């Protein structure tokens, strides 16, 4: 079977999701879950995972844990800054800065954008896929220069993302 | 015969299935043959539906009250269809109207998308039959909604006419408010009675201490709740019939903008529901024998509705005189007839109810004749009443028009309409002398409207439409002739053939006095009342 | 002990919900209102989760996922309306 | 105009005052008391009750049992109402033309990708709540409405075009919808047909065996209660609601170019 | 004390529903914009549906009311008896579910009607209809 | 009650408490900050800090509730799923909202010190 690993990957994720969302672990759930996830995998597998997965790609998921740790650190930092701004009226410097990115895949860009938006203080306003620029609304901008801003906001995430999806 | 039991429950399923099949055939197979197939199918299936409802009627005449339990659950737990003489009679009439409408539409409607029209029409009649047969107030709500939404769709069938869209909007907006209020009333009733079954409610209004299976005893203050809920329901039913002054905001628009066969069928299929439900709720449920606290309320309500009915009869009759549009004229005539029928019910005696039933029957048939004649006018000339001169040449059509007018006006004892008015006057004399006078005055004014038609027919000259060739008029003429002879035959039957007279009077007597059998057969437990 | 602590926290969430409602009513623009609605429904999601612990009934929590889906749909629809002024495209 | 407004407002405030007075002073509606109606208690008691097998429907979710078994006919009519609404909208907009190459413009890449990830999860979730309607809260309608979120998201995030590209056409959806309704009718009629063949009493919409009829739908599958026909009804209802809502969404979000064709057709009326 | 408080809260919210209904009806009958009328209709039906849900609520002594769903299969009739006395009334919920689907169906159709109205008149105000936009239908 | 459960209790309650603090901060921010784009940042605080943290807390707390039987794992699972979905959908929603508000000029952009987007870049 072509792209067996892809299919297995998607199938497992959907099956686990199905069983969790029913809240019961019975043979009944399992049988219906297998049917449902087989159908869903058949329909959506090609559109979800573009490239053919290999066994080696699974190891890349280990970087995901590193990513999460990095993400949590950034979150805590950003939250504390926002608390200062909101509660103690810390002076702010709102600006929209252009930040270049070098990731190729759609998922990589999306992951970076979602992470940046999820961190309080920065929101991705617009994305330009031709010139590879993200426009980020930054509540307390320390710089207006694209490359410096990249160092502050996205470069840490980007390295890990390149390893995961690259 | 087991099949006789199932027929009651199968009828709505049959209609819905037919409507779906009619919808699917042309979508799947887009050739001219499928259009023919749809017409043939709808004709035969509506014929079968007429036969089915006739069988139900025969079954009910034998057993008085027949009930059918869906899913086999006992009534307060499950839904039950309870059919008595009145509902089976009106159901039969409604199915007949469906058959006639399908037949007439075959001739009248020319459209590429006729299957959509037929499909909605069958859904409309499914809702209607469910309204007539049901014995559950929430099921009634769902049926009314099915009826209404297909009615909104049918009214907007001529969607390139802005007036049709506006009429449908008016109908839909006011309809939503009305049905929501009905739902509110249902919830109130549930909160106090703890049940949704009509027979159960009827039982508890007569004997509040009764312990029924599953629903047990009443929960709250049934007196105050019934007062509020039933007043709200009156509003809804009268609205559905278009009798209340607020009904004037939609009824004439809807009748004049809907496709003509639909307007003709509406009287039987959709609007008689209002009168029927009024009878059901205020004779079977809140009828004779209710607890003393509600007797006074009932009388007050009835006298209030009497006033409303008289007012609306006067208004509609006066509007009818000045109306120039033939379809609107027939609408106002319908409203006045319905108002008189309502007056008959509120008199609260057997003759009154019988007269209401007769008026319903005569109005359903007479309206159909008038509307179908109007169809001939519209094809031949236009919608103004001056166009009625087109009919001058055909003797049979003149005959039918005269019969229909005499029937609706109600002076000659050969038509069924006469007996409706006569019994109404008879019933009114018992109460007071003013009521018969009012009835006569209303009829007299309406006569001006009706005979204006005859006058116009002989004085004006027909201006035939030149842009459209006259279609073959054999089918409509046959239908019209058949219907007008039916009017005479029914009238003669009522005069001369005693069993028929007794049958009709039995319907009224059963409705008013025989609530015991309705309750017992519906709930299935004896000795509670 | 647990349920009383959780009740206090739940009451905090009710208070914040009221604050969001002020923003919802005040406006002044459409995106502001949608923002307040977003915050309100995330608030509600947590509220449901806490309530299911307090009432010891796992059923309430299953309402969280549809809630999140619908709020996303509202976001998308409003932004679509603002950008294109027409739904079809 | 203003006079009329004042009149309406005044009469409505009178209505509010009177009803509020009734509720406040008389306190006749029972709200928030320990008592609920005995009918409701009967439902709670019989819904999953192997000890009274004549009244039960073997469904852990009582609301589901009421919707599809005790008051199944209501729900059938309700589904028909949805069907009628779809047919009515189709009638209103009849003659439209679905055009495929209109150069759609969706939202940004980020939103598109995020939506793409979520869609299979939504499908799994919707099917889970529909097929477990007899065990946990949920059911056919809830599942169908959740599935319809997908089509609404696709219309907004990608475009109507993308739905056409995926093979959704309103005609096809209407056909599926009609077939599902017929399937529902078949499931409802099946006990009746079996009763005819075996020459015993049986009912439309019958689920479990009754006092006077022994015909019964399957009550268990593997180790979970299947609640007989409730499962089938839920699956059909899922498809019906999904296709119905998607059809309505697609028809109501037709572009001007597509609708123009429909309104250019001047039909011959009366 | 707490019972009085609960009664007070519930009755106040019921009156709020009725006020909602009145506001919605006012909007339906007086606002010229069809969209506003439509929103008012939604408010109207929703208020009634909420009212229906309130009817089925119960206050149980000593414990919280349960949703009408059995968490696991009961092993004895006693368990069901207990469930019967603490769960809320399932019937109004079922009725409201049906009513919601129906109102959804009707509202979809009304939106379609408003769309066609807009195609005809170019606006959603009913003033367009009143101010002679209607063509005379007979000669 | 075993000691492990106490640990779950502690962690769960702690997370919920921290979350409620952030929720209050976010709510104050949504009320107080002067323009729509600034309020969006406060929304992120109340979404991540105020919703995801408590949901995680509930998930951990539910593991420790032994008296609820196997159903407690259901709560945990649902909470984790909804955390995942919120993490994907909430930022994409607020991103598209911000983009729409910017492109359609619905909300005032001030205060803003520097705008890279307005300098002649094509808008997708």
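Chains here go by letter, A, B, C, D, E and F, matching the order in which they are written, and residues are numbered from 1 within each.
We adopt the following convention: a residue touches a chain if its C-beta (ideal position, glycine included) is under 8 Å from a C-beta of that chain, and two chains touch if they have at least 3 such contacts.
These figures come from a predicted structure and were not determined experimentally.
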Hop across touching chains from chain A and tell me the fewest hops that reach chain F. 1
More C-beta contacts across B-D or across B-E? B-D
Most widely separated chain from chain C, with each centre as the mean of CA atoms: B
Based only on mean CA positions, could you tell me how far chain E sits from chain F in angstrom? 31
Between chain C and chain E, what is the gap in Å from one C-alpha centre to the other? 20
Distance from the CA centroid of chain A to that of chain C, rounded to the nearest Å? 23
Rounded to the nearest whole Å, what is the centre-to-centre distance of chain A and chain D, using the mean of the C-alpha atoms as each centre? 35
Residues of chain C that touch at least two other chains are 56, 58-59, 62, 65, 69, 72, 76, 79-80, 83
Indicate the residues of chain D shared as contacts by at least two other chains. 19, 29-30, 35, 37, 39-40, 43, 71, 74, 78, 81, 84-85, 88, 92, 107-108, 110-111, 114-115, 117-118, 121, 125, 129, 136-137, 252, 263
Where in chain A do residues touch two or more of the other chains? 17, 21, 23-24, 113-114, 124, 126-127, 129
Chain E partner contacts - residues on chain C that touch it in the complex: 54-60
In the complex, go through chain E and note every residue touching chain C. 64, 66-67, 69, 71
Interface with chain E, chain D side, in the complex: residues 4-5, 8-9, 12-13, 15-16, 19-20, 23-24, 27, 29-37, 39-41, 43-45, 47-49, 51, 60-63, 66-67, 71, 74-75, 78-79, 81-82, 84-86, 88-89, 92-93, 136-137, 141, 225, 241, 248, 251-252, 259, 263
Where on chain E is chain B touching in the complex? 25, 28, 34, 37, 41, 44-45, 48, 51-52, 55, 91-92, 95, 98-99, 102-103, 105-106, 109-110, 113-114, 116-117, 120-121, 129, 133-135, 137-139
If you look only at chain D, which of its residues touch chain B in the complex? 19, 22, 26, 28-30, 35, 37-40, 42-43, 46, 55, 69-74, 77-78, 80-81, 83-85, 87-88, 90-92, 94-95, 171, 174-175, 178-179, 181-182, 185, 188-189, 192, 196, 201-207, 210, 212-213, 263, 265-270
